[in-house]
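Report on the following structure.
Labels A, B, C, D and E are assigned to the chains in the order they are written; within every chain, residues are numbered from 1.
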Amino acid sequence: MPDLPSVPLTVEGSCVLHQMFHFDWSAWKSLPAEEQQAIAKEAADLLARWEQGSATGHPNQSAAFSLLGHKGDLMLIHFRDSFADLNRIELELSQTRLSHYLKISHSYLSMVEMGLYESSAKTYASLAEKGLTPGTPEWNAGVREVLDRQANALAPRLYPEIPKAKHLCFYPMDRKRGEQVNWYTEPMADRQHMMHEHGMIGRRYADSVRQVITGSIGYDDWEWGVDLFADDALVFKKLIYEMRFDRVSAVYASFGQFFLGVRLPSGNLSSWLQGQLIES
Amino acid sequence: MPDLPSVPLTVEGSCVLHQMFHFDWSAWKSLPAEEQQAIAKEAADLLARWEQGSATGHPNQSAAFSLLGHKGDLMLIHFRDSFADLNRIELELSQTRLSHYLKISHSYLSMVEMGLYESSAKTYASLAEKGLTPGTPEWNAGVREVLDRQANALAPRLYPEIPKAKHLCFYPMDRKRGEQVNWYTEPMADRQHMMHEHGMIGRRYADSVRQVITGSIGYDDWEWGVDLFADDALVFKKLIYEMRFDRVSAVYASFGQFFLGVRLPSGNLSSWLQGQLIES
Amino acid sequence: MPDLPSVPLTVEGSCVLHQMFHFDWSAWKSLPAEEQQAIAKEAADLLARWEQGSATGHPNQSAAFSLLGHKGDLMLIHFRDSFADLNRIELELSQTRLSHYLKISHSYLSMVEMGLYESSAKTYASLAEKGLTPGTPEWNAGVREVLDRQANALAPRLYPEIPKAKHLCFYPMDRKRGEQVNWYTEPMADRQHMMHEHGMIGRRYADSVRQVITGSIGYDDWEWGVDLFADDALVFKKLIYEMRFDRVSAVYASFGQFFLGVRLPSGNLSSWLQGQLIES
Amino acid sequence: MPDLPSVPLTVEGSCVLHQMFHFDWSAWKSLPAEEQQAIAKEAADLLARWEQGSATGHPNQSAAFSLLGHKGDLMLIHFRDSFADLNRIELELSQTRLSHYLKISHSYLSMVEMGLYESSAKTYASLAEKGLTPGTPEWNAGVREVLDRQANALAPRLYPEIPKAKHLCFYPMDRKRGEQVNWYTEPMADRQHMMHEHGMIGRRYADSVRQVITGSIGYDDWEWGVDLFADDALVFKKLIYEMRFDRVSAVYASFGQFFLGVRLPSGNLSSWLQGQLIES
Amino acid sequence: MPDLPSVPLTVEGSCVLHQMFHFDWSAWKSLPAEEQQAIAKEAADLLARWEQGSATGHPNQSAAFSLLGHKGDLMLIHFRDSFADLNRIELELSQTRLSHYLKISHSYLSMVEMGLYESSAKTYASLAEKGLTPGTPEWNAGVREVLDRQANALAPRLYPEIPKAKHLCFYPMDRKRGEQVNWYTEPMADRQHMMHEHGMIGRRYADSVRQVITGSIGYDDWEWGVDLFADDALVFKKLIYEMRFDRVSAVYASFGQFFLGVRLPSGNLSSWLQGQLIES
């Protein structure tokens, strides 16, 4: 029997951009109140349109968050059907008058991704049992069929609406490729097993945390981005701390910067620009 | 008997924000004395209100420190009941006139945390002896009861007043997840033992140093923040140097930047803005 | 028989410069529309000339891309016959009026390179069979002859036209020289074998991705630069993710920053400067 | 016999601040000559006062150095009796008119420290021979007595005058805590032996280099700072290169940035501000 | 027989400073043509004087290079008899009007160094055969005599003229001190052997590349700086790539940033300031 592939199948959905901004309060406060109001309205109207997303097709929404700490004051996240559409968002924002006061400090570019470890193992095994060889047209057709079926079934999670939870926790991460510890040389079955255990922890938090995983290999400096949405920010710490002890995180995960924000609906943007955080 | 959990129990309290600022002396000194006085008064009044904290409920205080070195001139620390409240502090500060002269250089976001290694081991063992299985509702109820009891008993330390000591030393830290040395794969009992030894050193310094540990997994780029308050800054070096030889620090600790500040009560802020450090 | 060389033969072509820029929208938008149009025309004319390249000799083209994320707004890539010519491009751009609004954020300097692992092994073996010794004039002449033949045969790929695909993915990379894992001490035959497997993956994507490898040892901070051109940006992720599991990437690759851009033909530059991304 | 402590005894002296500045020559040169002279005189008078230090008690001196390279143009080092006094120096400098042209680029905060490896070993052994147990009041009293005696004997080196040598070399350093190589888990006797060998090299350079070691655990981002003072800058290279082969440096040392400066006495500051370096 | 020293002998020559600058084209282009010409002439005259160097004694020359990429636009290298003289160069440059448009982005400080591995081994062996003991006055006198002889013989390379080649490649490097791979604990004979092999590669490129090695232990953040001068920039890649497979580089070398420049003689500086690169 030939070697089975070691690459897990994945299905992809929305293109995603995170934008983190510093807000130049000094310049902003030097504006006359009327001008502030006009600029704020223009920006809030744009954000409202983006929050609403598409009437047809995928949701294609955006959302704003008031960031804590020195990494930024404001974070926007955008889900769109293509990178070109995300680039248009950037350009459209840069044409607003508010953008004069927004200095981009960080960003993250990725694509909603669902890794199908379980499905991959079953599919590879069943295709091999039929006597097919990896890479042949018949094998590829078999894989293609599974991917299409999964993409269909998972469409609502691949092109998600943005959860309305009060807090967002975002961070990028890698799987380690160290000298002794290397995720990418571990047998497929071991990786599948570890990912399963990892998923079981997430499942226990499913009531209080909504998670969106995006892949960024080829798009940004880490391999994945993780967005966690929750009303109670304490569950971020509980969930990630518990996961840090599971094997796939303890041994193979490497983490980037963490960003924590409080949801800022477009209707509250004008108050925020007056220094008020109104809880939605 | 089933495997016991490897995640230690923790109880949490105040949300905490550290803010480090550069002060733009050149711009400040170009102001007329009267304007300086008005701005200083506005800022000192705000700081005084924040120092005082809440009349009811948790202390929810802030404090200011004059920082040494190029990492910043001024540090503010804030303890509040929620991240949204901390965000409001940031927004309120940004509305003051003094904020025009404060350029944020660093920050740290975390939550007061007490790790209950001893209690976890006892609880897990006793629940297992009763024949309960981890993750079952009965087990969870048993754990919940311990957590509630501890949170109650430890409330004054979970929602602390800010100690009035003359110096503050702050630094973030991680437990290592290296290729051979990995805190998160060590057996619970070994971790408990090492944490106990670690705590014994701290206890010998309890008269001269007050320590507040905050957890930042999910909130900021390191796993924990450590605040040490002392009148004599020499004890910071003595304590941390001694700890560096205990096993949990020597082998498993990895440290971020260190910040050292001298307490700056709101009543002395106006003098500081004239270049005077009055010792409280 | 003497030791054969462990250095693979390479042939080189165009000198290549990547330039990433932030665009100062605030300053740009403050210009009168007429001045914007004049500046945009000047820049678009220059880009059009660079896109066209040389009428004779090598293509020597340039291309522009609208970048996603905070690493930059605009990326230019230039293929030229010499580093001096690339430097002239930089100087010529700096003389345009548009350059006032372009702040360079990153760059990458390299030379189109094709590694001839297969050819090297055969050549070394055949020269050794003839009884020649590495480093002797006869040996060097034999090598020289192979290099000349290959350079001739590969000329269209060594001095490539810039593919017209919609997306560009660029990243630099190294081969690891770790304490246990060291590409440069692996036997030539093993490296040849791994590179062959690596190339087989690329070949399966040849219909949808066009790849240009450039060497930058001695020119920039990583050893190689990789440019991937594709209409469908999803294939970047698919290709690089699959490669991450092959041995040479999983074990020996270390990656720098990733840049993703959407092709911006000179004819669309003026629209882009008005905030519009027109797809070519 | 109980385990002896693994922490070496140390005695401490002056609090030390290094400040590195960029000088804004463009702004400075735009000033009228008269204003330059007035500002230069004010700064030189302050520096002269700081150079002179205290008439009574510890020297408490400062010194200026003209830095080479892009890390800064000017370095000030300050020895004072407390961190509050160092903070006052920072504030006093920020009130001068010259400070408008000084942009701080780096700093280092530490405390003069002498590690007593030899003395520690003898003391621990002798107290243990008397049947005392580490941590008991009798043990601590025995240790205290040694520390007091040493602090007294070493006072001139703990509160040093600043050597008048022509060059200063400053760098921070750590002892490694790697996965296999960990200074902090080495037996006390081995560390003592390595430190002794290390010291023997320094002793051979004693005629040409004056060394001041400061500890910064708890105060800054490295564990120690090293200041070397010499008339002939070649000896810095000779000394540090030779030490790099001794065991404690070769295996256990990790180094930060290096700063090299030429002594700039207050009397030469005005010339320096006219672009002249007069050798003292 | 006593242990022989493990530190190789070195002889030193010129003090060397590399300065990398960004040029502020926007500000420069806003100047009237006449003012540009006057400023350019002043700068070109200074550079011409520095290029010429000393009429007597060591060459003490400087040279300018037009840099490629975002790390800088212009690089100056200076060879002088002392660090104080290099500091005077910095100060003199800062007094020119052109310096207003030059923002320093990087620098490197070092001293021409020749490592005498072969000579060291022979000298140590011969002194030991005479029954001398390392560190005794007789031993030191024997070593001193060798150093003086070598310094004399190598003087033209220790105080070199700056080669007139068209391209310069500069990079800093370290020898690794890893946990298993540590140059500084390798036996002297092994290091000597590896350095010999390394040198043999360089020798084969001697016709097309001129190399200057400078030591920077104690002066800057890496241990050595490497300057390669060549008319054909391709040989930089060929040479360094080939060396990367020799043992001392493959296993023990760690590299910093790479800088590539095109020679800019003082006579061409005015054209360069008009955006023209004239090849010398």
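The working rule: a contact is a pair of C-beta atoms (placed from the backbone, for glycine too) under 8 Å apart; a residue touches a chain by one contact, two chains touch by 3 or more.
Keep in mind that what you see is a predicted model, and the values were worked out from it rather than measured.
The two copies, chain B and chain C, are related by a rotation of 145°, based on C-alpha atoms and rounded to the nearest 5. Chain A and chain D have Cα centroids separated by 47 Å. Averaged C-alpha coordinates give centres for chain B and chain D that are 29 Å from one another. Among all residues of chain E, those that touch two or more other chains are 179-180.
Taken pairwise by the contact criterion, the protein chains form one closed cycle in which every chain touches exactly two others.
Read round the ring from chain A, going to chain B first, the chain order is A, B, D, E, C.
Those residues of chain A lying in contact with chain C across their complex are 6-7, 10, 12, 15, 17, 19-20, 82-84, 86-88, 90-92, 94-95, 99-100, 104-109, 111, 113, 135, 177, 179-180, 182, 184-185, 215-221. Note for the complex: chain C touches chain A at residues 23, 25-26, 29, 66, 68-71, 73, 166-167, 169, 171, 178-181, 204, 228, 233-234, 236-237, 239-242, 244-245, 247, 249-251, 253, 257-258, 260, 262, 272, 274-277, 279.
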